[in-house]
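There are structures below to look over.
Each of the two complexes below includes subunit A, the first together with subunit B, the second together with subunit C.
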Partner chain A sequence: MSALAEIQPYVEAFKARPPVPEPSWLVQRRDGAIRRFSELGWPTRKQEAWRFTDLRPLQKSSFPPAAAAGDATEADVAPWRYPNAAHRIVLVDGAFVPALSAIGTLPKGAWLASTSQTLHERPELLEPALRETDVLGGQAFVSLNAALFADGFVLALEPGIALDGAIEIVHLGRAANRSAQLRNLILLGPNSRATLIETYAGAGAYWTNAVGVVGIGIGAVLRHVKLQDEDEAAIHFGHNRIELGRDARYENFTLSLGGRLARTDIHLKLDGEGAACGLYGATLLRDEQEGTIATVVDHAAPHGTTREYFKSVAADRAHGVFLGTIGVRPQAQKTDANQLSKNLLLSRRAAIDTKPELEILADDVKCSHGATVGDLDEAALFYLESRGIPVAEARRMLIEAFATEVIERIEDDAVLRAHLSRHVARWLAAGIAR
Partner chain B sequence: MTDTTAARNLAPLREGYKYGFVSDIESESAPPGLNEDTVRFIAAKKGEPQWLLDWRLEAFRKWQTMESPHWAKLRIAPIDYQAATYYSAPKRQNAPKSLDEVDPELLKTYEKLGIPLNERAALAGVAVDAVFDSVSVATTFKRTLAELGIVFCSFGEAVREHPELVRKYLGTVVPQGDNFYAALNSAVFSDGSFAYIPSGVRCPMELSTYFRINAAKSGQFERTLIVADKGAYVSYLEGCTAPQRDENQLHAAVVELIALEGAEIKYSTVQNWYPGDAEGKGGIYNFVTKRGACRGARAKISWTQVETGSAITWKYPSCILEGDDSVGEFYSVAITNNFQQADTGTKMLHLGRNTRSTIISKGISAGRGQNTYRGLVRVQPKAENARNYTQCDSLLIGDKCGAHTVPYIEARNPTARIEHEATTSKISDDQMFYCQQRGLSKEDALSLIVNGFCKEVLKELPMEFAVEAQKLLAVSLEGSVG
Partner chain C sequence: MLEIGNLHARIADGREILKGVDLAVKAGEVHAIMGPNGSGKSTLAGVLSGKPGYEVTEGQVLYEGRDLLAMPADERARAGVFLAFQYPVEIPGVNNMYFLRAALNAVRKQRGESEMDAGQFLKAVRAKLKLLEIGEDLLQRGVNVGFSGGEKKRNEIFQMAMLDPKLAILDETDSGLDIDALQMVSRGINALRGPDRAIVMITHYQRLLNYVVPDRVHVLSAGRIVKSGDAALARELEETGYGAYGDAA
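The block that comes next holds the complex of A and B.
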């Protein structure tokens, strides 16, 4: 298919949308976004940020947006339920499903609802978050999302509001050859606090294209967990744009297990003095999976801190990619940033590409990065085997230890650590072919 | 002292460019511009055989279809390739047979540069195939080398005397169409050096060539080809100085190294061209393609570079590790001060089993300099037990400069072990305080700390070079503190 033909179904889908009453600013922005998408087309390997990504699974067929939420029951959600959730929102095929959701009592000044409901009741929340940059500077997937999104979730906390219980968001994909275009928004006012567990799962060859905008105000704290456990035939793109105010903290953990083609983009800007972020994650890949973690951390203010640590495991014919950039602007003196990419390459036909990048324009900084690629440690394997543990089991143990080590970096939340470790163990139990 | 405040009052280079003078020699230049006739003119001037002319033309045709690379973190003013002169040679005097026949003006130039060409060459134990602009003027130690069967001569001479060797290896490591600058070089290369070390011979002295750009507006297109046959060893030194000029001068060299089974090539560079003045005016554009191939088992290629000159450096000395158990090394110090920009690094391509590579890169940015390490380590599926260790450290002096690290790691074999680490920091106030408290001046303290920072690389340089390199670091950083 030519480049134009590949994107045509999406342009058609845009034109064919059923008329929904929407504020005029949104109608305008959607028009601008689809124009931008048509200009951009799919990214190619000639673009630096996409040189390691094989988009063929996406290009081979088309995934117009699902018309409505597919059928899903409590049992479909059960495997991913987070034990400690105080609030739950479930979206199926990109649309909010009230029957499966349970939003608990929220304190005054807290807003948690689906994007569509927010558009009706609190459009002022969404308007600034759907800024021009999405339409103009953004990449193709973000523009497409801006044009087509129907739903998602919105969390907005007024100053000083602390949500103690975790918020759980489950995105289920059910419709084959359809896409879920999700638009999420998290706005934390000064000194507010929240924990958010986002899960992406499903069954079938669907495409999830999620875009999140996250704003964290002065002194606010967000713990943001993403469990990407899509069907192994599905495609997943998740793009989060995060801005931190003064002394704000953002901690992200991304556990990526599913998807035929999966990519998580995190664009984070430390905009206020003394802001801190921690980006952690593990990606496990087997069969023909391709998994990419792409992060851009932009230190735009002094005294910022970044801790970044990603691990990936590639077995069988899988392909793991890490693209990490830390940029320090001239004014961002006293930045303290480090970045680590550790990779296990388990098979002769698997591949790992990693590119940790530093771009430093201030002098009084402490920045470092590291990357390693290798197989399981022979000595460790031998040790376990000499203790009578069969080789397959020994390998499994070592892979599990490798992946869960980064989970241990999550402080003060044993329930969350156990939840993520359980999914790692489940993934490993299914075995790898080598 | 804090470096931040120091850099704000950045003083211009005090000593200035020591080697900035122009010697007055009548040039015999090609008219400015580049087309097939220019290529033919060069080939005819040099009396080259038809096959080489064809090879040049093929390269030229490829070059015409190519675009200059734009991926590097470099700001380059558009270059008008039609405005440059592609050939300039000192006036021919029927090929000088001894130093007495050499233009005294030329000798004086070398003297000012301190090149050990005369009896000084013997003292320093260095054989110099001095390249003045484009054509080799004098070659020393040839006889000693000839006795061992070593061929060390200008490229032009090699084409005449050893066409079979040149034809066999030319363009096998850096093909004509490899990249924009390599294609340009292949089309218009003027001269350069050729070395062939026969099987089992250990070259008894360091081979060295001084490159010098002289005639105004004449880009210099060196071509170096070094072949170490089975079990041979050679250490090659390359050092550069150029006169001070206002206009940017283009330099697009190609260096090809070939190490056969068990051979070792050590290639050291001290690059001290004119970096432009404190306002960023002038300076050399250095777009170089350097690549070595370890063709046989247990071959080894080691690149060491100290890059202090050039307004813009675009250079990635690389190793293709084809032979089993072959070894590639890259040691680099790159300094950017004032408005200098450097985008440099290496590529290590692991193809054979048990191949090993080491990358040690030290980048120093001062003033408004921009320094980028860009490297690739790729392990192919058949490279069992490949091993790479990479360390890239950046030092920042002043708050207007930048240091960037862009490593690519591409692993295709699970038995490979690859490690990369990089740090970026400034010179700590504690270190400076300690040195100054012991009575060292700021500049001496800086020089001491920077030399310590670069020690791992400098110790790889042959003795004569190491001394020069240390001095060069101090000169390059002058005015960046205080």
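The block that comes next holds the complex of A and C.
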């Protein structure tokens, strides 16, 4: 398909949307966004941030937005349930499904609802989520999302509100050759605090295009977990833009268990003095899966801290990519940032590209980065085999150890560590070819 | 039980390390292999246990009448061959207990025994731990991770005791042990001794052989067994050194 032909179905879908009354600012932004999208088209491999990502699965067919939530039952949600979640939102094919959700009791000053409901009842909350900022060529996906989104979730906490129980958001894809355009918003007022577990899964050749905007106010803390285990035929793009105020903290863990093509973009700006972020994650890929994690951390204020650690495993003919940029602006003195990317290749035909990048414009900073790509440790493998453990199991044990090491870095949350480890074990139980 | 005939093996760079080893070990016997540094003792242990990186160019090894060299390493272990490593490997992230249980169940399955449940397993573990005076907390760590040199060696013998092999090859398990630990390890080895089993101990010191008295002692020098004798040979070597055998190759 030509570049124009590739984007045309989305422009058509935009025009053909059923008329829904929307605030005029939104109508304008959607118009602007679809124009922007048609000018940009898909990113190309000439753009540095997209050099390693093969977009062909997306370009080969088209994925107009699903019209409504496909069928899904409790049983479809069950495998993804987070133990002890206090609040749950389930979206299917990009639409909120009340019957599967349980918002639970929220303290006064806390808002948790679908994006559509928020648009209806508190549109002013959503306006900041639709600013159009150019982001390293990812703009096309963000613009398309702005033009087409219908739903998602919104969490807004007023100052000082702490949610003790975890919030669980489950996104299920069901509709083949359709897309779920999700727009999510998280706004934490000063000194508020929450834990949010997002899960993306499904069945079929759908495309999930999720865009999240996250604002964390002064002294607020967000633990944000993303578990992405899309169908092996599905495409996933998840793009989060996060801004941290003074002394705010953002703790992220991304467990990415594949899909035909999956990419997670995290763009984070430490805007206030003393802000801190922890970005951690593990990616496991098999067959011919493509998986990219791309992080951009922008230190824009002094005394900021970044701890970044991503691991990936590629088996068969899979291709993993880690792109990690840390920028330190001239005013961001006393920044303390480190980044580590460790990768494990399980087959000669698998490939991993890793590209750490530091752009440091301040002089009084502590920054480091490192990247490794290796095979399974032969000596360890032989040790296990020499005790009678069958080769396949020995390999599985070592891969599991490799992946869970980064999960163990999660502090003070044994339930979360166990949850993520269980999903890693489940992935491994399906067997790894050489 | 074990018959090694004219075994030649080389390493990746093409250098031949074993240059025609002949050795027969019968069930019920304990053999000691001694010899200068670099003479090929660990290489022999590695070849017998299926360690990658060696190429056998000539000769054969029969274990209970089967072609040992044709079996993959994990299969050898399940068939009852155990190697106590000269340098046990640290495996971060693989819990010791979990590892041991996986190994034990693999071995038991092979023998047609049922898998042990958690309770039975713990009971068996505790009994053997006591024998070797290993703290239970060590088992909660990664395999060999943060173990002292002596603890690693004791852990090898602990694993041997748990897996109950037919042929145990111990590569310098006595090196780096304090006097008490040496006695514990010796107790562990003697406990395994029996009419259906064989033990091959690679060692540099007579000291171990005072506790575990061997039936046969061999000198491996420059890739060949150049001298064999009874327990008296080890004492003799302690006096004379390997000088007399240095040029054997």
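Here is the rule we use: the second predicted complex is superposed on the first by the 428 of 434 C-alpha atoms of A that agree within 3 Å, B and C clash if a C-alpha of one lies under 4 Å from a C-alpha of the other, contacts with A are read in each partner's own complex, and residues count from 1 in each chain.
By definition in this document, a contact is a pair of C-beta atoms (placed from the backbone, for glycine too) under 8 Å apart; a residue touches a chain by one contact, two chains touch by 3 or more.
Keep in mind it's a predicted model, so treat the numbers as computed, not measured.
Legend: residue contacts after superposition of the two complexes on their common chain; A:Ile360 is shown touching subunit B, with no touch to subunit C.
Once the two complexes are overlaid on the shared chain, A:Leu384 sits against subunit C while remaining clear of subunit B.
When subunit A is checked against subunit B and against subunit C, the one touching more of its residues turns out to be B.
In the superposition on chain A, contact is made by A:Ala394 with subunit C only, not with subunit B.
Contacts of A:Ala371 after superposition: subunit B is touched, whereas subunit C is not reached. Using the contact criterion defined above for the overlaid structures, shared-chain residue A:Leu125 touches neither subunit B nor subunit C, since it reaches no partner.
Of the two partner chains placed by superposition, only subunit C is touched by A:Phe402; subunit B is not. Against subunit B, the residues of subunit A that register as touching in their complex are 48, 330, 333, 343, 345-375. Interface residues of subunit A facing subunit C in the complex, by the touch rule stated above, are 377-380, 382-391, 393-394, 397-398, 400-402, 404-405, 408. For subunit C in complex with subunit A, the touching residues are 49-52, 72-74, 76-78, 82-83, 85, 88-89, 91-94, 98-100, 102-103, 106-107, 110, 142-143, 159, 163. Of all the residues in subunit B, the ones that touch subunit A in their complex are 3-4, 7, 71, 379, 381, 394, 396-426.
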